[in-house]
Amino acid sequence: MSTEHRPGPYPESYVSAENLGFGQPADGWRRRLYIIIFESHTPAGLAFDVCLLLAIVASVLVVMLDSVDSIHNAYGQRLHYVEWVFTAFFSFEYLARLSCVQRPGRYARSFFGVVDLLSVLPTYLAFFFPGLHSLVDIRMLRMLRIFRVLKLTAYLVEYRQLAQALRASRRKVMVFLSAVAIVVVLLGTVMYVIEGPGNGFSSIPVSVYWAITTMTTVGFGDITPHTDAGRAIASVMMLLGWGTLAVPTGIVTAEITTRRGDGTDVRCHACAATGHPRGARFCYECGVPLQADQ
Amino acid sequence: MSTEHRPGPYPESYVSAENLGFGQPADGWRRRLYIIIFESHTPAGLAFDVCLLLAIVASVLVVMLDSVDSIHNAYGQRLHYVEWVFTAFFSFEYLARLSCVQRPGRYARSFFGVVDLLSVLPTYLAFFFPGLHSLVDIRMLRMLRIFRVLKLTAYLVEYRQLAQALRASRRKVMVFLSAVAIVVVLLGTVMYVIEGPGNGFSSIPVSVYWAITTMTTVGFGDITPHTDAGRAIASVMMLLGWGTLAVPTGIVTAEITTRRGDGTDVRCHACAATGHPRGARFCYECGVPLQADQ
Amino acid sequence: MSTEHRPGPYPESYVSAENLGFGQPADGWRRRLYIIIFESHTPAGLAFDVCLLLAIVASVLVVMLDSVDSIHNAYGQRLHYVEWVFTAFFSFEYLARLSCVQRPGRYARSFFGVVDLLSVLPTYLAFFFPGLHSLVDIRMLRMLRIFRVLKLTAYLVEYRQLAQALRASRRKVMVFLSAVAIVVVLLGTVMYVIEGPGNGFSSIPVSVYWAITTMTTVGFGDITPHTDAGRAIASVMMLLGWGTLAVPTGIVTAEITTRRGDGTDVRCHACAATGHPRGARFCYECGVPLQADQ
Amino acid sequence: MSTEHRPGPYPESYVSAENLGFGQPADGWRRRLYIIIFESHTPAGLAFDVCLLLAIVASVLVVMLDSVDSIHNAYGQRLHYVEWVFTAFFSFEYLARLSCVQRPGRYARSFFGVVDLLSVLPTYLAFFFPGLHSLVDIRMLRMLRIFRVLKLTAYLVEYRQLAQALRASRRKVMVFLSAVAIVVVLLGTVMYVIEGPGNGFSSIPVSVYWAITTMTTVGFGDITPHTDAGRAIASVMMLLGWGTLAVPTGIVTAEITTRRGDGTDVRCHACAATGHPRGARFCYECGVPLQADQ
């Protein structure tokens, strides 16, 4: 009856639910390859998964470091070679996945198939189209490589649970977000009127951006109110944003601590134990029936 | 008897509870118009609601874009025509609503009636009183148009629930806010004394504004303490503001996690009741002793 | 069995528990005065309380406005007269309280007695010692007058409950605060070493102040890390401070939403109602016993 | 069987569980010393603990004050003598601990043994190696002394509970942190592409640092978006970071307040059970119909 997730000490098999959509091969070398790549309950499969995980993290770190000018100038060439090694590894992995499932087209169109392709594409594009650098910012190519980090989401069952939980509560989230949207549009516009472009509130979209920084309590400070009325409205927004967290937290705490009571806890008349769950009929400590008048 | 709200895949009928206050017409063209405009369970009614929703969002976006100088200079005339189209549509909607309810005066004085009127008024005012621009800031007219966004609140039943929940807990909220007010007035004034106008704390209201930015953890940084004592008081306020969120959250988590234990729930072998306190020896539900190996 | 507080539509009697400490007079004019000033269940007592509440709020607003240079220059004299009216009213109130309790010394030494005295003292001090202005900052005198705002705390029973709740959980709060203190001292010192005075971290106390602004997610921005290692440590601190709120919130939500189930809700086999409380044995909708295997 | 921690009005004995690992001496002067130093249930032991606690706090304050240039210049010599007194006291304490346990090597390698050694080492190093100041920043020596503050964690049993709770939920925390890591790496890189080095986003690591300041709602403001698209992405991140706190808090509050209803709890007249869902018609505890007037 436990509601616990099913974690493992080793990475979960690679998205087994989605495997069913791609089709397991029946036998032969494709099946052996499939077991290594898509599943992790054999030593080879587990070793492959661990290697891939480390390769993903390492390659993302390489892209991040290469974006630092000082490192790029000093080690750019070496990092370029390392990038090719990773690209080769991920290309092999991609082709291996495509070759050992029964419906490769379906895999190629799935979320992970697209991510896998994006992982290797930039390096090939830059190689085959040398003039690309002048058309597409090198920063853009780095970003496409960074998308490899999404391959990590296959490895923890909790991410699927998280995605399911978000899907299940999507209506509540949409209602909440739309309420926030209405508030920041309204109060942002009021600030636009009160403060005006001279004080940084140059248009309604910019004022809405400021309203979001204020309600979410981020408070960059790049735009701040300078008039008294503006500061008053800002105070209201800050209390709204912080209060949305503080008021429910306080109410919930009050509910829970008063239910546990500060004197109204049901106490066993025989052994004086407290902390009985609500509706308890027997003392959990000594077993005698709890009296009705307590 | 479910406690769930009654959502639908389509927008809720337009505030049916308030309709009862305005009066449904009995028959004729007014009733057909009423069903289209105020209700959404017919195809025409649903189509109307969806169009209106899109028109509201689109018109608000137009006002927001028009406030950006670069867009206003490039597309100002076209946006002005689009604004007239929206104004015509909302005028028709307003007159249609007034004409098909039994008590139009009551509708005109209701929240949504006022919002509807404000939605169209600025454009007419600017048209009939050309000199208005010099009296009333164009920013003000934009703000009145932005109030259309409040028409959206009719479309989700959760907003009414939210409003009810807020009304129900208004005393708690007032107590909480007054406690916060007392703290920020007191500590803001202390900072005014310690730091003084030379450090940005030019008056008590400004210091209270700073105290609110600090306690709500927004922290714009437009005013910051420079003295050691000021920074000490500021630290106290920051811990107060953040702690108001962190301490109750921690206490509630401690309550819940200790009640569940850090292993599997102990389950009574006789009646399958769970949720026993740690170390409980008897089942609170049926009274039999809990077995040691559970 | 309700655990609700006892609110009233009118302000609570003035700290009745503490009245017992001061002693109610038995009869005569003192008793009639006592009933008016200290209690609020008679029309006169209620009217007095409401007047006093409004006077406190108004006088605090006057002090706040007087601190604004532009207002002080324009209306200073008039505000000074208004201040004398308030001082006279609060002096009468103070003397009245002292005269109608049985143990005036005890009242004078209580929290409210001290606040009442501080409310009137500055004006008299400034009057009798004209040279005081050069010794004691006028800002200090304003601050002493602002302390009147604490008189408001007598009027809501929830403040006493809040004070009791804080006293009851003071050990938990102390443990939490000491843990935060250890973290900010340690990590603040690490940042002092890494960044150094050249980057704004001029001493360990200043670095601890910065650490508090970061962990409480306030983030003024008056001091920011400039080195890579410093930014890495800062990232750790930010995740610590925000995570202290986010991780427990997420765990509690997971507990509650999984307990309500996403398919494991007990469902009545007769009428299909769900949402039964834990341990429910009968369907709340149709009354039949819930089956054990559900 | 209470689930409460075992607090005491006096400091807990010095990590009694770990004492078992070091070994209590059987008798003699070593045992008497052990009782004083490691345990606190005798007057001498309690006095020792209190002295040590005060000494730790005082010595940390001395190091913090000495780091302030103005104080260092005025009182540097005196603080240096005080530092030697503390070093002597902590050295005696360290040697006393080593001498009265049965397995001193084990103590020396334990967490507290290392902390104790670090507490005294800097002063001796600076004394025996005068040239050290030019090799190791004086700030580094101050930091090593600050590590004494970790000795405080032995004195509250709640810290061990806190450590246990963190260990128990480490998988959840790791999953959460990895999800945050993926989001800040992805969105930070997107901002790097959109804003670019000209706007402060000079490399991907710096952009990830900015993404963390934004998602954790700290918002230093040292780096801020300047493009419209950048501000839009920033708004998304701010709502993500704040929403991670606000949405679950709101859902939990909705769960609890709807379960309790917005009136008084309906109570079964037969068995007094409360907590019935809204509109429930039968008591879930005993099955009798709930009366309409409750």
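Labels A, B, C and D are assigned to the chains in the order they are written; within every chain, residues are numbered from 1.
Methods note: contacts are C-beta pairs under 8 Å (C-beta built on N, C-alpha and C of every residue); 3 or more make two chains touch, one makes a residue touch a chain.
A quick note: this is a predicted structure, and the numbers were derived from the prediction, not measured.
> What are the chains that chain B and chain D both touch?
The common neighbours are A, C.
> Which chain has its C-alpha centroid at the greatest distance from the C-alpha centroid of chain C?
A
> List the interface residue numbers of chain B and of chain C, divide the shared ones by all numbers used, and answer same when the ratio is over half, different when under half.
different
> So which one's got more C-beta contacts, A-C or A-B?
A-B
> Using mean CA coordinates as chain centres, what's the chain A-chain B distance in Å?
Inter-chain centre distance comes to 25 Å.
> Based only on mean CA positions, could you tell me how far chain A sits from chain C in angstrom?
36
> I need the residues of chain C touching at least two other chains; which ones are they?
Correct list: 1, 169, 172, 205, 208, 217-221, 241, 245, 249, 251-252, 257, 275, 277, 279, 284-285.
> If every chain is a node and each touching pair gets an edge, what shape is that graph: line, ring, star, complete or other?
Contact map by chain: complete.
> Mind pulling up the chain C residues that touch chain A in the complex?
1, 3, 164-165, 168-169, 217-221, 245, 254, 257-259, 261-262, 264, 277, 279
> For chain B, which residues count as touching chain C in their complex?
On the chain B side, the touching residues are 1-3, 171-172, 175, 178-179, 182, 185-186, 189-190, 192-193, 196, 202-205, 208, 214, 217-221, 224, 228, 231-232, 234-235, 238-239, 241-243, 245-247, 249-254, 256-257, 260, 272-275, 285.
> Which positions of chain A touch chain D when the two form their complex?
Touching chain D from chain A are residues 7, 60, 63-65, 67-69, 137, 139-140, 142-143, 146-147, 149-150, 152-153, 156, 158-159, 162, 169, 172-173, 176-177, 180, 205-206, 208-209, 212-213, 215-222, 241, 244-245, 248-249, 251-252, 255, 273-275, 278-279, 284-285, 292.
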